[in-house]
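What follows is chain A paired twice: with chain B in the first complex and chain C in the second.
Let's turn to the complex of A and B:
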């Protein structure tokens, strides 16, 4: 039961955004969930900014670059890699809050806690190859660009193959979430989101050829292995952020089915609620 | 209540509408989201394939000639028959003939398994002839598209298992779930027909 509805908390103030934030910080019983949700939103935006704009390691460069081209690649991104991955190292820990928020959705379902635990463990592992190892490898390359070109090539391959290595983690993570959503009786998420998890999991599989090919659509920068996968992943992420927000709004901290939002099911005209 | 519940499938099968007159899609509407997304993703694969083919038409034609069209036709027929049997499964379940529905679900599994075996034998034959995943761009697409479809088909067995589980016990028998599973199976059949047309037939 909300503190606000029991009369223990004052009304939500109208007017400045700052006053509203202060109110939510002091009285909103869903405060921790909203912190988790906003961490997700800020992190994904920051992730895009750091990887795509500052470090410029995404979209990924060609795996077929020669050693001199790789040295030049590191040279061109010298400051972007150093500053970009320095910030990545600082914000990397935010993934703990994000994963905990997502695992919370599974704890709220009617399914076994094993789903939430396995999701937490597997996505904690994803942070290593997908962010930190890649970041360290790129930073090592950028820090001393006068190294032997053969070593620079090694760092380059290591960084991008490490990034690709998250595919298995996302594959299993999506399947865990899918099964949880499909088995859940508390209606935490709609069933179609369970099926969307399956779609996301299957597009993780198509990244696998990136370990074999240096050129073409199946290479790590290819139309299928990267662009299609990224398009599905962005769609999937946008969808789950939207559904997660809705889930937090619906959360009643009970153990049974989540209530629907009033706005989704307006009362019938003529009923007491409508009046 | 029992009468209503058992009468509804007949109503739906005959008119395409629920008892209250509202139109319905077969199975959970949620499954149709997966159908839409998977169709979009495969459309991307097909578009990339066709584009790459226009860049090297001779290479694609030469490599395509090494595929066995008869095996492709056989696989297509097997999957089409499996789609027919899963449709029969849905229809007979709607009519309350659960024994026949169960047999049709098993028949679908059998044809699906036949497809898998045939596909593996085809891959082995191609590899023995020296055409592997990395031989050239056509064969990369060939193995990629057939393998990703193969994976979808394996998942289809899970859905068929759910349908069998539902039909087996009078305590369950959710017509909606049976239709949901059949919708997935039809989707992988539909995708195979497109893959067959693009890889084996298109010149």
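Let's turn to the complex of A and C:
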């Protein structure tokens, strides 16, 4: 990783979005970080669209459905599941660059690199049980509507339990990020964000009863195991996307504390070179 | 022993692993004439019960279980080359490391489903059918990490702005092309016959040829990059 020296870059062009993107691609020294940030933003929006609107597997259905009801459930969203999870399979790997970008925030902190590496490995693992297994199970369920209902019921459980019940990776991952934020002296993120990580970690604790209960607030579709968790997750994601954007604007590629942001706009290119 | 010598040893494991993969691929009776998803539960069960097929299914999948992760050293070498590129952050090398863990794990999951189906071929045909479906859908549709790997590598190469870039731009174009031809395989659930079905032209032949070609092409350009790096290192030390 050697720093590229670009010299004085021309002004950011006004006008079409495409020209702006071309400018950033050519001259913006923070393009790697922006690629990561935009991937995060686009992915989370697409994720919402795919899971809530196209596949309609969120909010989750009842764990207490009978086998014939489960067959009907697969039948009702046949194409949604097949197209939705096909797209999930295509874009699922984008999590690699997203997690790499989040791991970089820890690399920029004054903490050991072990934090960035742990986070990267934990979240690389998380994609499989946390998302892709559900896609495989739903695709297999939807592709043969005449399958034995008892096996459809198994696929349904496998899909939702793997998705809702994969806890440890997010639990430990959030705690790693929390400790890094709290130890950091480079002011990459505010300390309160460290504690928000703790909230996210706690949601993974309270979801554990979903492995046991088929009805009530602790079931996988319940008020605690799903609704509270989703509220915390959406808040957490929105907050870290906002904080990450600020962090990228403040980034000076140094090793010391990040400078404070003067305004909400990136510093003019060219003037940054002198700093 | 220089650092690059160890890297050359890792690189030369690649043709060996490639050969083992090819042998296991030819050994598995479900690949040479890929099994059709249109087969009934009874036909699938008969495929696993056939005394000609059963040992070949088990042995080929045991070999894949051993060597599914055999390509990870190659991906680690790619990570090292990305670190030599003119980037401002290690984001791309981190991202390839994340892909290196994901892709082989998916292949291993498919492998476990195949081996489980073959473990008790006398099982109810409906159950054998389900394990066979899980294996094929996991194997065929889960192209996400392979696509991400190629796209991230292409981005890393395009943004490697130095006088002598680590890889030439055509390597990036090639990676994008590979990413595109992997896309149709994600839709295997939609068709039991035709080009999209898991035994079809796009989902099986084009996809697997692209993966094979990627391994060969990346192996060669990686070898060139490491050799060049080695020559540079030697010139610097003498």
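Quick note on the criterion: the second predicted complex is superposed on the first by the 256 of 275 C-alpha atoms of A that agree within 3 Å, B and C clash if a C-alpha of one lies under 4 Å from a C-alpha of the other, contacts with A are read in each partner's own complex, and residues count from 1 in each chain.
Operating definition for what follows: a contact is a pair of C-beta atoms (placed from the backbone, for glycine too) under 8 Å apart; a residue touches a chain by one contact, two chains touch by 3 or more.
Small disclaimer: the values here were computed from a predicted structure and weren't measured.
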*Using the superposition on chain A, decide if chain B and chain C clash or fit.*
fit
*Figure out whether A:241 sits in contact with chain B (first) or chain C (second), or with both, or with neither.*
neither
*asked:* With both complexes superposed on chain A, which partner does A:97 reach: first (chain B), second (chain C), both or neither?
replied: second
*Hey, is it chain B or chain C that touches more of chain A?*
C
*Using the touch definition from the top, say if A:212 reaches chain B (first), chain C (second), both or neither.*
first
*Scan A:202 for contacts with chain B and chain C and give back first, second, both or neither.*
first
_Which partner chains sit in contact with A:253 here, chain B, chain C, both or neither? Use first/second/both/neither._
second
*Superposition-derived angle with apex at the Cα centre of chain A and sides reaching chain B and chain C, degrees in steps of 10*: 130
*Should A:179 be classified as contacting the first partner (chain B), the second (chain C), both, or neither?*
neither
_I'd like to know which partner A:161 touches here: chain B for first, chain C for second, both or neither._
neither
*May I ask you to decide whether A:120 touches chain B, chain C, both, or neither, giving the answer as first, second, both or neither?*
second
*In the overlaid three-chain picture, find the nearest pair of C-alpha atoms across chain B and chain C and give that distance in Å.*
29
*Sites on chain A touched by chain C in the complex*: 1-4, 6, 29-33, 35-36, 81-83, 85-97, 99-101, 103-104, 107, 116, 120-121, 123-125, 127-128, 132-133, 135-137, 139-140, 142-144, 147-148, 151, 154-155, 253
*What does chain B use to touch chain A in their complex?*
28-31, 33-34, 37-38, 41, 44-45, 48, 52, 133-134, 137, 140, 144, 148, 151-152, 155
*chain B-touching residues of chain A, taken from the complex the two chains share*: 190-192, 194-196, 198-199, 202-203, 205-206, 209, 212-213, 216-218, 223-224, 228, 231-232
_chain C - residues contacting chain A, complex_ = 37, 83-99, 101-102, 105-106, 109, 126-127, 129-130, 133-134, 137-138, 141-149, 152, 155, 159, 161-162, 183, 186-190, 192
